[in-house]
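Below are the structure tokens for one structure; questions will follow.
Per-chain residue numbering starts at 1, and chain names A, B, C and D are given in the order in which the chains are listed.
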Amino acid sequence: MIAHGAITSGLLAALAFLAPPTAAAPASRPATAPTTSTAPAPLPLLDPNRFAAYDRPSDDGSAVIVEWAKPLHEPEGISYVVEIAPSPDAFGTDRAKTVPVRPALKATNPKFFSALSASNRELYYAAVTPAAVFPPPAPGKFTAERIDKLLAARRLNAKQAARAKELLASKKPEAELSSREKRQRRWLGRLQAYISKSDARTLKARQREINGRTYYFRLAVTDGGRKAYVARGGTPVTVSAGGRANWIKHFRWNNLVFALTFSAVVMAFIHIARRNPNLFIRKIAGLEAVDEAIGRATEMGRPVFFVHGLGSMQELATIAAVNVLARVARRAADYDTRVRVMNYEPIVTAVSQEVVQQAYTEAGRPDAFDPDDVSLVATTQFSYVAAVSGRMIREQPAAVFMVGRFFAESLLLAETGASTGAIQVAGTDSYTQLPFFITTCDYTLIGEELYAASAYLSREPRMLGSLRGQDVGKAFLMIVIVVGALLLTLAGFFDVDLTLFRDLFKPLS
Amino acid sequence: MWYKRTIPLLIVFVAGLLGFAHEYVPHPIAGRFREEVTTAFRIIGGFALFIGAYSLLHMHLTRIRRRQPGWAYSGFVFLGASVMIFLGMVLGTGPLVDPAPGELTAFQWGYDNVLVPCNATIFSLLAFFMASAAFRTFRVRNFSAALLLGAAVVVMFGRVPISELFGELLFGADGRQVFPKASQILMDYPNLAAKRGILLGVSLGAIAQSLRVLFGIERSYMGGGD
Amino acid sequence: MAIPQAELRRLAIAKHVIFVLVAAAVIVPFVAKVYQRDFKPTSYAEDLFQKVHNLDANTRVLISLDFDPGSEAELLPMGVAILRHCFQQRLIPVVMTNYPSGVDLARTIVEEAVAKSEVDYGRKLTSGRDYAYLGFRPGGVNLVLNMGENLKGAFQTDYYGKPTEDMPALVGVQSLKDLKLVIDITSSAWVELWIVYGADRFGFEYGAGVTAVMGPDMYPFLQSGQVIGLLDGLRGAADYELLLQRTEVGKLDKTGRGILGMTAQSAAHVLVIVLVLAANARFIFRRATGREKG
Amino acid sequence: MPEPDDNASSVRRAVEIGVFTVLLAVFLGVSYYCQDPFGLTGEALAHSIGVIVAAGLTLVMYSFLYRDNPLFKIAENLYVGVALGYGAVMTWRMALREEVYKPIFMAPTTEALGEALVWRTVPILLGILLTMRISRKYSWLSRYSYCLLVGWGAGVGISVYTHSYVLQQLNAAIAPLQDAVTQGTWEPLSGAWFLGAFFPMLGSLAVLVGTVAVLFYFFFSVEHGTAGRTVSKVGIWFLMISFGASFGNTVMARLSLLIGRVQFLLFQWIQMDQ
């Protein structure tokens, strides 16, 4: 034992004498052939204390990070190689692999590393995927041998194996096959697909297992010929790490914070609105148009049309439309004006009937309600157009409300309504149809204005509260956009680095 | 009540929480979980397609049964549907085998020559109605409508190649791009700004809507009943 | 104020006169064979074209044709042009659709592009090797999420019933993460679903072809880089066809539906513009003279 | 649903029937002359008849331009039915056959069958539950699967909307104004300065102002004072210009569809040379 130790220390001494061995050996080469070229610049020395390997954070365990300090002086034409070995004593044998890596500064990758830390601006990193370096054996092709193996593993029975082999060997062209043979071939296709699918799954599991093992790393800098290891006292430094699957994506923190904060605000306002349904919400100008239009219809003694569009009862716009209808019907009942509701959807029809009946009851004239005024007029898009347009021309309504979800029919309906000279009020969140309403109607509730109008009328806490919550979100966005743009503009003029500020809102995935 | 409402609402909440949380987990388990869940949803989605077909047929059937106005036309819905199902499931390659590349079956004939022309034509009708509305109803009622129509005219003109010839006629060879450029500027700046504003607002609305669903405040998607 | 019956009848006549004018504006350019074949492609179409043009041979490009025959006129020429470009560049297009009613339309597009490209580039194109047509699967956004984890699991067979597992056209494509470029051609919200549930999560570059109705809505995504190139309506298709023809002058046939349609499009637009201006000039004049209320 | 014009005079109806008969004859004549179906066999015959049917349906659809009529209604309903049938067949072929029938009934080995049963039984049961929606009595059962879909969608939605819409757009919106300036040339008032620096900066400023003003227009929590009204007015201007752009593009889209049909009629039905 002692003798052994002595030999080791002796060797170490000898090595120290020759030190640095790795750098010295290639460096001496030009000296032996000084005539061919001038001596190249020495390879940079890398700080062994800042060489490390660790699991890549926030990932699925598929990579290990190797990091080292960027040398102060980095000559042209040098590159870095990482040596990876499954055990510390495997270096130098064929069990260790050498991988060229292209390093980047840690600060340039905000996904995995913080740009805040000053040291990240001088540290290089490279990601190594062990399964790519030590690939698991590829699953065999689907041959007779493979079939035998599958048979041995009892994944096929003898009959299946025999049939598969026979089919595999058959070279009969597709056109000559009988329908039974064709069916068998399709079976073979399915079998092959099934086997390759399970092979792919096995491969993935093996790769994951390989990535999870611990590996040993050495780093060297090279100019193509010479190679200098990161060394301490002449010995290459070995670091070790393995890939681990992590549980949180740290780089999505801004997403998480926004989502949670915004959710909390919305939920809080819904809660507040439940207690106080008079939560302030600005009056929507379009709602005055509703009263005006009904007033005019009363003066003229003509009906009011309420056109629902094609939306189903699940859509926000339709829910909002029903709230607006409640108001329209109530006013109409007060003034004793007839309201005709044009429906496309059976469920919306039922809900609308209820709402109109309720309005008449509230106005104290339940007997004035005629269920036929709220009817399902058609079941296809264009027959709806034809039916509603026909009624408009015949009955000449004084006011037409088009509220809800609209598609291509909006233009035709609005045009017919305009041609009869009715006052038209529209409201929809179908942005593609809004241009037509704006140019043909006297008043249009645009997108969220419709929701706001509905919340204003119904005082329903969930609508009211979430509208207020969204307003807080909007205020935040407006402030960030204005302040952000100004800050960045000023920073540009005064040459201040505001990358950090921008990273606050950078979405990473 | 418990089975009809409470458990479904619990399912919404738990499924939603898992859907939300797994977005922040890099562990392969999260990926595998997503794969399994989305595979399951694809299978469920196949059944969902039938509900749409059923409710449409049911509606037309009711129309025929109750002799509602125009009920006879609903017969053509059944005619079209049954012929297509017959061609697709019985004739030709049958229900189990797919056609080869380039092969024409009676089913595809029906698709190409009935469904395609009808579907493609019905929306082209709007070209006519739009032109007539352009003359009869689109009016510069106020400043807003004037801006809208002005922008529309600029875009309509700039988007077609004839504007390059007009430009050349008016401003010489260098002027070919005047009108296309004008429409592009309109798209690139004011249009972008407004669309972004709408997008931000609408997405906040969508998030709020998701939250209401998640916490069982919004239940309209569940349909009627207790 | 009710409009008198005489006025209504006059309006109805005006309507039918306009219908005839529109039909004439659209038909005459084809009958007279007046085609404007020279114009400057829009920059966003050029961006998409260059992106496809600069991919290495054998790169897999996923093309999702999410529309039904209702938008065929605008979107079919785009699909054909992009697929032909892929074949020209020896890329391997992988085509799918999210529309059950568009399955055979997408097949038509693929087969048309294949037939034309076989003539143009003089090589036999085989399904499963030079291209893949996967067809439709239900699931909506869940399908996209599923493809992001395991594409071949989502599509176990292609449209023609062949298993995808060993398909040469899909070698190296385990999931959406392995793709460099995805192009969605659509008439619906799918364009945004592919951004939200696809491009932003799985890291591929994303180009879009949309109907003109949706074109203006795409600008926020173009500016933020979430969409790298855009074909906007029939004009977008014409732009792409033009760019493709310029790469091989005289070799490709000149019957691109987009380019041919541009003259009719021009004529019809001019008609609509004249109608809008004339009607509003009359309106403003009458309002100024007090004959019509604002 | 009464016809919009069932009081049309019998004279008018007679004229309409006459014109229709003439048009039908013309259609058949043109079809015969251009397509020559009787001189063909096999696939060519199928193709030629297909073109005639398609052209006929196209023209029937356009008869709606004259007025709503029975032929149009027949075509519209037929189309709805064909679409339905096509959808049903495709649902079977590309969804249920691939996801349910094949893995279970056509499993290549027992092992594959076992795997399919393990992973697919629950989703299939949930799918069947979903179809309970069509029953009045048991429709509540469908809630179990529907709630799963809706809940998952909502949960994933919160995260992805925050990512793709809010953060991505916010990140693009807070671009500094002078980015454009530094790219351009610094020779104030020269042509190159206007094009390279001034206009882009103006553009960025317009985008900034427009985005904020539009957001403010949809802000409902405060009563708009004078300043508020001004900002929200600017917002509405931006909205109007963008609606104008959408309007122009929509006109373009609809005309493109018409052009597509005209191309079909001229080049495939009448077989005009291109």
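Note that in this section contacts are C-beta pairs under 8 Å (C-beta built on N, C-alpha and C of every residue); 3 or more make two chains touch, one makes a residue touch a chain.
This is a predicted model, so every value here is computed, not measured.
Trainee: Considering only mean CA positions as chain centres, point out the chain farthest from chain B.
Mentor: Ranked by distance of C-alpha centres from chain B, the top chain is A.
Trainee: Select, from B-D and A-B, the pair of chains that is joined by more C-beta pairs in contact.
Mentor: Per the contact counts, B-D leads.
Trainee: Centroid from C-alpha atoms only, then distance chain B to chain D, rounded to Å. What do you get?
Mentor: Those two chain centres are 4 Å apart.
Trainee: Once you find the CA centre of chain A and the CA centre of chain B, what distance in Å lies between them?
Mentor: A distance of 21 Å separates the two centres.
Trainee: At what distance in angstrom does the C-alpha mean of chain C lie from that of chain A?
Mentor: The mean C-alpha positions of chain A and chain C differ by 24 Å.
Trainee: Go ahead and note the Å separation of the Cα centroids belonging to chain B and chain C.
Mentor: Each chain's C-alpha centroid was found; their separation is 15 Å.
Trainee: Hunt down the residues of chain D that sit against at least two other chains at once, touch-wise.
Mentor: Those would be 1-2, 64-65, 73, 76-77, 80, 83, 86-87, 91, 95, 99, 102, 152-153, 156, 158-166, 168-173, 207-208, 211-212, 215, 218, 239-240, 242-247, 249-252, 255, 257-258, 260-261.
Trainee: Among the residues of chain B, pick out those that touch two or more other chains and give their numbers.
Mentor: Within chain B, the residues that touch at least two other chains are 20, 23-24, 31, 37, 39, 41-42, 45-46, 48-49, 70, 98, 111-112, 115-117, 119-120, 122-128, 130, 132, 134, 136, 138-139, 141, 144-145, 148-149, 152-153, 156, 159-160, 187-188, 191-192, 195-196, 198-201, 204, 207, 209, 211, 221.
Trainee: For chain C, give me the residues that contact two or more of the other chains.
Mentor: Counting only residues that touch two or more other chains, chain C contributes 11, 19, 22, 26, 70-73, 100-101, 137-138, 142, 145, 153, 156-157, 159, 161, 200-201, 212-213, 216-217, 220, 223, 233, 235, 265, 268-269, 272.
Trainee: Does the chain-touch network form a line, ring, star, complete graph or other?
Mentor: It is complete, because no pair of chains fails to touch.
Trainee: So in the complex, the part of chain C that touches chain A is made up of which residues?
Mentor: 1-3, 8, 11, 152-153, 156-157, 161-166, 174, 200-201, 203, 213-214, 217
Trainee: What does chain B use to touch chain C in their complex?
Mentor: So the residues of chain B touching chain C come out as 31-32, 34-35, 37-39, 41-42, 45-46, 48-49, 97-102, 108, 111-112, 115-117, 119-120, 122-124, 127-128, 130-132, 134-136, 138-142, 149, 152-153, 156-157, 159-165, 176-177, 180, 184, 187-188, 191-192, 195-196, 199.
Trainee: Help me check something: in the complex, which residues belonging to chain A touch chain C?
Mentor: Answer in residue numbers: 186, 189-190, 192-193, 196-197, 200, 300, 393, 396, 419-421, 431-432, 507, 509.
Trainee: Under the stated contact criterion, what part of chain D meets chain C in this complex?
Mentor: 65-66, 83, 86-87, 90-91, 94-95, 98-99, 102, 152-153, 156, 160-161, 163-165, 168-169, 171-172, 207, 242, 245-246, 249-253, 255-263, 266-267, 272, 274
Trainee: Spell out the part of chain B that touches chain A in their complex, as residue ranges.
Mentor: For chain B paired with chain A, touching residues are 20, 23-29, 31, 59-60, 63, 70, 122-123, 125-126, 129-130, 132-133, 136-139, 141, 144-145, 148-149, 152, 198, 200-202, 204-205, 207-209, 211-212, 215, 217-218, 220-221, 224.
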